[in-house]
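Starting off with a structure, shown below.
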Amino acid sequence: MRPSGRTAQQIRPVSITRNYTRHAEGSVLIEFGDTKVLCNASVQEGVPRFLKGKGQGWVTAEYGMLPRATHTRSDREAARGKQGGRTMEIQRLIARSLRAMVDLGALGENTITVDCDVIQADGGTRTASITGACVALVDAISYMRKKGLVKVNPLKGMVAAISVGIYKGEAVADLDYPEDSAAETDMNVVMTDTGKIIEIQGTAEAEPFSFEEMNSMVELAKHAIRELNDIQKEALIA
Amino acid sequence: MRPSGRTAQQIRPVSITRNYTRHAEGSVLIEFGDTKVLCNASVQEGVPRFLKGKGQGWVTAEYGMLPRATHTRSDREAARGKQGGRTMEIQRLIARSLRAMVDLGALGENTITVDCDVIQADGGTRTASITGACVALVDAISYMRKKGLVKVNPLKGMVAAISVGIYKGEAVADLDYPEDSAAETDMNVVMTDTGKIIEIQGTAEAEPFSFEEMNSMVELAKHAIRELNDIQKEALIA
Amino acid sequence: MRPSGRTAQQIRPVSITRNYTRHAEGSVLIEFGDTKVLCNASVQEGVPRFLKGKGQGWVTAEYGMLPRATHTRSDREAARGKQGGRTMEIQRLIARSLRAMVDLGALGENTITVDCDVIQADGGTRTASITGACVALVDAISYMRKKGLVKVNPLKGMVAAISVGIYKGEAVADLDYPEDSAAETDMNVVMTDTGKIIEIQGTAEAEPFSFEEMNSMVELAKHAIRELNDIQKEALIA
Amino acid sequence: MRPSGRTAQQIRPVSITRNYTRHAEGSVLIEFGDTKVLCNASVQEGVPRFLKGKGQGWVTAEYGMLPRATHTRSDREAARGKQGGRTMEIQRLIARSLRAMVDLGALGENTITVDCDVIQADGGTRTASITGACVALVDAISYMRKKGLVKVNPLKGMVAAISVGIYKGEAVADLDYPEDSAAETDMNVVMTDTGKIIEIQGTAEAEPFSFEEMNSMVELAKHAIRELNDIQKEALIA
Amino acid sequence: MRPSGRTAQQIRPVSITRNYTRHAEGSVLIEFGDTKVLCNASVQEGVPRFLKGKGQGWVTAEYGMLPRATHTRSDREAARGKQGGRTMEIQRLIARSLRAMVDLGALGENTITVDCDVIQADGGTRTASITGACVALVDAISYMRKKGLVKVNPLKGMVAAISVGIYKGEAVADLDYPEDSAAETDMNVVMTDTGKIIEIQGTAEAEPFSFEEMNSMVELAKHAIRELNDIQKEALIA
Amino acid sequence: MRPSGRTAQQIRPVSITRNYTRHAEGSVLIEFGDTKVLCNASVQEGVPRFLKGKGQGWVTAEYGMLPRATHTRSDREAARGKQGGRTMEIQRLIARSLRAMVDLGALGENTITVDCDVIQADGGTRTASITGACVALVDAISYMRKKGLVKVNPLKGMVAAISVGIYKGEAVADLDYPEDSAAETDMNVVMTDTGKIIEIQGTAEAEPFSFEEMNSMVELAKHAIRELNDIQKEALIA
């Protein structure tokens, strides 16, 4: 029934390439099918002004879409002179999700910024970003530990994210663009590798949804995220 | 246990004042306890460029906080030259919620903009905004019907919203500022008056939350929103 | 002759509500008839960069209009990304007027910012703002004295403001919107409670005006401001 | 008593050079002593959006200060990304003053923009701008008449402006920078060549001023503007 | 002598991957050693306002650098709210170079925008951008011809670009980052495949350079660009 | 053949007026025929953030065009809210050229900013700017030496600039506007007074150019710049 021929619970092939670029302390290209996001984690000394002198660190994220990552070219935000609402919403979501992974006190007065830049979009760019950014962040923290920039391990755990939705009346996992643009409901779920929820954001695109529908979407998300956790861990071992 | 002495499921006193200002087609002051938001719905001919010629209307929202609505003064966004990420996130949420109420085709090539301006903040400004904006939108649509600007009723139903959270380990409804700033988890739920979900956004502020916690929060939200629906309807009859 | 039926020298009913919101050190809702402005005075430690280390304080003001304070909705300045020329002109006028009330040396290195936000506009928003902001500023200074933030009283006196104009050939006081939009000449006068002038700004909207016309407008302004001074003082006693 | 040795009513030497640059339809360099402003009037077909189809024209003005027109370098507004409040206030004043000279209906759907750029500042840049812009505007209208762009003469009269102030307790005309920065009160007056007032803006810089002081300032302004009118007319004849 | 061990005239390994992303009409990843730029050409109907109704097309370019394309993270231009001077300079250079390839009249009222986004930087990002953008533009024009969007071939020829410089007193071709940051002089040359010059930009970074040095740099550039032309053509045949 | 009747190598009459305005430490009006640029050099204590504590100074430049310096009025960049790409490109070129004149170490922690504002444009505004800015910078450094702000002379030499181009198939020097807008190729050359190159920027406006054409343009530039050096030196002696 799904345009891609996938089963309801089937996610797209996921590929994680570490050390994708040379300069970043953590650099991951993540692919959810045709969605490709480059996640670069940068370690910088110091913290934003509102944290100065508090003896803790900070983790933040920025998100961008290359102008022709999409079917039709969208304006370059740098040229337009501001980031749109969608961009800000997504980068705030990524940042909150990543902060849930880290003991900011153990990080010391350092900042890790994860840039998620979408090279090619086919639905699910925010969930791919979070899943890839997690791996880049793990690599950046490893780098800090090797360099002695942190004394105790600030890593509390890992996160991954998936989109689920109601498409033609049925709950499906990991919507691609054709599904996403036709879905009645779209939900993004971010979870830890211990099976707890970090963020859940469900939006009725066309029709309000019932609690039963919510529950079946959540169920799919749980399984998909467990799969993503495994893929992340394999990538980190490799 | 709650700083306000309320029970877990008890929402704050809600007050809805219609026709609060003179010029807007719908003008509502809504109060959730000490949180006060002015919701003005403006009817304008025409639609944004991306909808021109499609024979349908548009519903949108803007959100702002007066600089001293909060404990300490925050910068005026107009003076800083841009709306922050939080503002954009909230006004997009309000707008999506309101669009779920309206048959945009029946609206004709007209736009309704609902401005939600927070006069005083004590937690829950986005949920108060949605609940009040709904009433202002109903009034604006009544105005359009009286003036003959629409032929069939574009109103599909009503929406209301509540925040729920985990505070000191227990699920509570309608968090005020002291609770909100100490909560482990914060969830905003937007529902129709037919008991369906429009938006659900849960964020682990301090600790990831379990599915059981989510379910108990959702349960509280359902009841609170039903109460809000009644208050909205009473206000509209008055 | 006047649309409102008032006599030439008659100002609209003025109402001043102190402690209108909860957080600000001075919070006043002022109404000049249907014009309603919320004036919040915020006390903050420190001074702007250009005053650092000079051992004096600062008083400033910001002005805004809710998008639907007016007959037709105007763009939100925060969304447009800048404050318009009219806004800047008005907030500079309010700030200069308020600084005339205060001994900045006695204020210490503290800043008081008065936010004047127009809830509903019917002409005279800048004069209502100044008159209300004066009361909010007095309250904020009282707060500082109670808290021991200042040693000597920095308050030098009070200010109030009124608009006067030539409407259908006759000088009138406190123009409302229908008069304002039809007036040949519009003049705003800010005075101290000792009968001296702080600011006078007269503009020929349609026709240049004579010195005789100016004098008759000034005469009306003097009386109106004396009345406003009384109303301010009563409000402060209450 | 005055730093310059001038008498109280004595204005600085005024010089008006027409056709100062080559491209503008009206181009005037005006000098009030060491204050030098280049006023270029540009004629353009069409009107701003809010006037389209109303069969009338528009006159507007923009003001700028070269970064090193002043004692110490000020930031370039183009580089900072916005015009400051003072700039906006001044250009709005110039524009209103110039519109008082012109029958906008007779102008047809044409726009005249007068750019006033301060080459060197020594006090009185806004009054020099208005006085010079008036001459540039007259030249631009002559150009339009020669080219047949207008059928009837849209020029209703001329305007000039002067600053007056209270300096060391005495009313003086045409303040230069040393006086301006020390003045208790500063007033700018714009008048027609028929002796009527277009704008009057008085500001108590240090001390509130009395009606007697205002009247003595206004008296000086009248005489000074009459002098300026003569100088403008001589320049236009030459 | 060169850090990379290359001879003076030796350019880095160049790799051109066509159809790198899925949506763009021309999509090329170009690598000059460790410098990697994604060049996406987008075909859009219509032309910018200044060309409307002139019966010709337009070719333009935008350039961006991912924040962590460089050794240390640089600010995201979209977040800072404007493109820097270096970015603007480079994108104007790319656009002028590409327009030299195209008969804009034959293009019809269509616009081709080539986005050059630097994935990883190691010197020479602007020359890699031009060389890769040329191939993407050729592909976009092929697409237009296949779709019948143009009647005659608008392609006039091809362009490529190389940087040359004086490094430790000797002229070298295709500077990588360690050379670039230490070079006395840096020159970028853009040429056609017929051996003519489109752009030449030489800058004395540390010391002014002589005409002899210029000539030896130009000589290297000629040979390098001829090599690049061959690589481009091979890529297009493949 | 040239519209102005000049020979191919003949530059326009050049005039350099020092001390053109009163406040700047170096103030030069330079005229290349009808092109007139005011170059003001400002000395300021301190350096930009990226140089703090490095014990060296900085030289920078800003460029602007008065809105009606050109045939038709162009938008004021301050009003539009940003500097265009052309402006940024030019001011970066001027700044690099001026820095080649100065030993930044000898300058101490001081900044010299040279503002180049085009009063009237007739082609060659960037080359006139550089040539005039050089003289203003020499004057500013003389001022610093007299005031004891520098211990050793930071001046390393002088620079001047000229445009050359291919007009109707022939190389010509110092293009005025009619030539510039019709030229096939346009090249700007900046050189020291010792005959070395600082910058060379050649652009094929219409047709790619050959190395022979480049060489003939460069030859013309050499002679023209030698002439400009003489004129600069005469002006500095006067």
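By letter and in written order, the chains are A, B, C, D, E and F; residue numbering begins at 1 in each of them.
Methods note: contacts are C-beta pairs under 8 Å (C-beta built on N, C-alpha and C of every residue); 3 or more make two chains touch, one makes a residue touch a chain.
By chain, with names taken from UniProt: A, B, C, D, E, F = Ribonuclease PH.
Source: prediction; values computed, not measured.
Student: Just to be sure I understand the contacts, which chains border both subunit E (Ribonuclease PH) and subunit B (Ribonuclease PH)?
Tutor: A
Student: Could you work out which pair in D-F, B-C or C-D copies the interface of A-B, where over half of the contact pairs coincide by residue number?
Tutor: Matching more than half of the contact pairs of A-B: C-D.
Student: Based on mean C-alpha positions, I'd like to know which chain lies farthest from subunit A (Ribonuclease PH).
Tutor: Max centre-to-centre separation from subunit A (Ribonuclease PH) belongs to D.
Student: Would you kindly give the rotation angle relating subunit A (Ribonuclease PH) to subunit C (Ribonuclease PH), two copies of one sequence, based on a CA superposition and rounded to a multiple of 5 degrees?
Tutor: For the C-alpha superposition of subunit A (Ribonuclease PH) onto subunit C (Ribonuclease PH), the angle is 120 degrees.
Student: By mean C-alpha coordinates, which chain is most distant from subunit F (Ribonuclease PH)?
Tutor: Measuring from the centre of subunit F (Ribonuclease PH), the most distant chain centre belongs to B.
Student: Averaging only over C-alpha atoms, locate the centres of subunit A (Ribonuclease PH) and subunit D (Ribonuclease PH) and give their separation in whole Å.
Tutor: 58
Student: Averaging over Cα atoms per chain, report the distance between subunit A (Ribonuclease PH) and subunit E (Ribonuclease PH) in Å.
Tutor: The mean C-alpha positions of subunit A (Ribonuclease PH) and subunit E (Ribonuclease PH) differ by 32 Å.
Student: Subunit A (Ribonuclease PH) to subunit F (Ribonuclease PH): how many Å between their CA centres?
Tutor: Using C-alpha averages as centres, the distance is 50 Å.
Student: How many Å are there between the centre of subunit E (Ribonuclease PH) and the centre of subunit F (Ribonuclease PH), using C-alpha atoms for each centre?
Tutor: Their C-alpha centroids are separated by 28 Å.
Student: Which residue numbers or ranges of subunit D (Ribonuclease PH) touch two or more of the other chains?
Tutor: In subunit D (Ribonuclease PH), the residues touching two or more other chains are 81-82.
Student: Put in order round the ring, from subunit E (Ribonuclease PH) and then through subunit F (Ribonuclease PH), what are the chains?
Tutor: Result for the ring walk from subunit E (Ribonuclease PH) toward subunit F (Ribonuclease PH): E, F, D, C, B, A.
Student: Over in the complex, which subunit F (Ribonuclease PH) residues touch subunit D (Ribonuclease PH)? Could you list them?
Tutor: Its residues touching subunit D (Ribonuclease PH) are 21-24, 27, 34, 36, 38, 40, 42, 44, 62, 64, 66-73, 76-79, 81-83, 87, 113, 115, 117, 119-120, 122.
Student: Which residues of subunit C (Ribonuclease PH) touch subunit D (Ribonuclease PH) once you look at their complex with the stated criterion?
Tutor: So the residues of subunit C (Ribonuclease PH) touching subunit D (Ribonuclease PH) come out as 82, 85-86, 88-89, 91-92, 96, 100, 187, 191-192, 194, 196-204, 208-211, 214, 218.
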